[in-house]
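First up is the structure itself, then whatever we jot down about it.
Here the chain labels run A, B, C, D and E in written order, and each chain numbers its own residues starting at 1.
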Amino acid sequence: MQIARIIGTIVASQKDERLTGKKLLIVRPLNLDGSDTNSYVVAVDTVGAGFHERVLIVAGSSARLASGMKDVPVDAAIIGVIDTVDVELD
Amino acid sequence: MQIARIIGTIVASQKDERLTGKKLLIVRPLNLDGSDTNSYVVAVDTVGAGFHERVLIVAGSSARLASGMKDVPVDAAIIGVIDTVDVELD
Amino acid sequence: MQIARIIGTIVASQKDERLTGKKLLIVRPLNLDGSDTNSYVVAVDTVGAGFHERVLIVAGSSARLASGMKDVPVDAAIIGVIDTVDVELD
Amino acid sequence: MQIARIIGTIVASQKDERLTGKKLLIVRPLNLDGSDTNSYVVAVDTVGAGFHERVLIVAGSSARLASGMKDVPVDAAIIGVIDTVDVELD
Amino acid sequence: MQIARIIGTIVASQKDERLTGKKLLIVRPLNLDGSDTNSYVVAVDTVGAGFHERVLIVAGSSARLASGMKDVPVDAAIIGVIDTVDVELD
């Protein structure tokens, strides 16, 4: 899984019907010091996360195990809102 | 998922029979400022997207969940045409 | 999927029994201008592609959906011989 | 699989319900000389690994085969605590 | 699949029980000129490969299709010992 931050939204009216009603968010993976990386992923929200919140992202086939995503063509899902990250670097 | 732009097509007459009638498009993932990246992917269109449109791409096993792709050997599919991308960078 | 070119072969006599009789080819993903990238993949041929031909490669679990690959431990398969690539860059 | 070192923890109270009670750890893949890489992954612990220990990480759908992870939306799991790594470089 | 060379072993006594008796080897993907890359992967041996031999590696969910790996949490497996690699570069 990856730590990311929600930075945007996508609207697509012409889409796979199983995506209807799903919230597509743009998230940026974060570095361990909390700064943004330059990459991004479009992930479906499954936990009601808010804008700019730090979230936990799952990728690949496991995204379809997220709540409500069975048989939905998604490869990335937000599965948690992160309260604290505790890292001890050497 | 990724945001991409359709930039080309592929014709292959000798191919896996389950690909018959599928539209194979060349798409370029986009940066968040709307510019093209240098990479590309061949994706199967499942939503009737038009040339140069911005589209949503799903990769991996989830591409087989896109409409009409069950048991088809594809690893990338266009699952939406993007109307708007709204990003708020710091 | 990726566009690639067949550049070599592999012989392995001691191998997983389900690979018996499968043709293992070395392919190089191509750039959109037709030039070779520096990377390579070993892919199983499922369409009778010829040496140096441009082919379409599928990767990951979808490679097992290619013809004759059910339950075979492969993660990349040649699923088409490419006739034409038509790209319009800006 | 990858060799990694446990360097931190994540707390997320608002999350997918199947993650309840799972221990989410931040691990850094290691180079073969034992030094840290710059990347990190959030992995679920399934073997009771301790802080700073070297562990074995499995990624992708196989993470759901780790103990207790069936149908859980995870894409990385700790599946072993490494005693010794024996490498002979040229 | 990838061409790799076996360069080491891992011992892990505290591990997922389905890994018991499996041989975990450290392999380095090779360049096409036969030289080592800088990366490495931990792969489970399923064909009785010997130290320093060139082997064929399968990654992702397909590693679980290798002999004896059904339902085992592995994402990379050695599925062949390579006799010859024949490449014709331009």
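Keep this in mind: a contact is a pair of C-beta atoms (placed from the backbone, for glycine too) under 8 Å apart; a residue touches a chain by one contact, two chains touch by 3 or more.
On a predicted model such as this, the values are computed, not experimentally measured, just so you know.
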Interface residue identity across copies chain B, chain C - same or different by half:
different
Please report how many Å separate the Cα centroid of chain B from that of chain D, as a whole number.
32
Centroid from C-alpha atoms only, then distance chain A to chain D, rounded to Å. What do you get?
20
Name the residues of chain C that each touch 2 or more other chains.
60-61, 63
Ring chains in order, chain B leading off, chain C next?
B, C, E, D, A
Give every residue of chain B touching chain C within the complex, in rising order.
7-19, 24, 26, 36, 40-44, 51, 60-61, 63-64, 71-76
Considering the complex alone, what residue numbers of chain E touch chain C?
1-3, 32, 46-49, 56, 58-63, 65-67, 77, 79-90
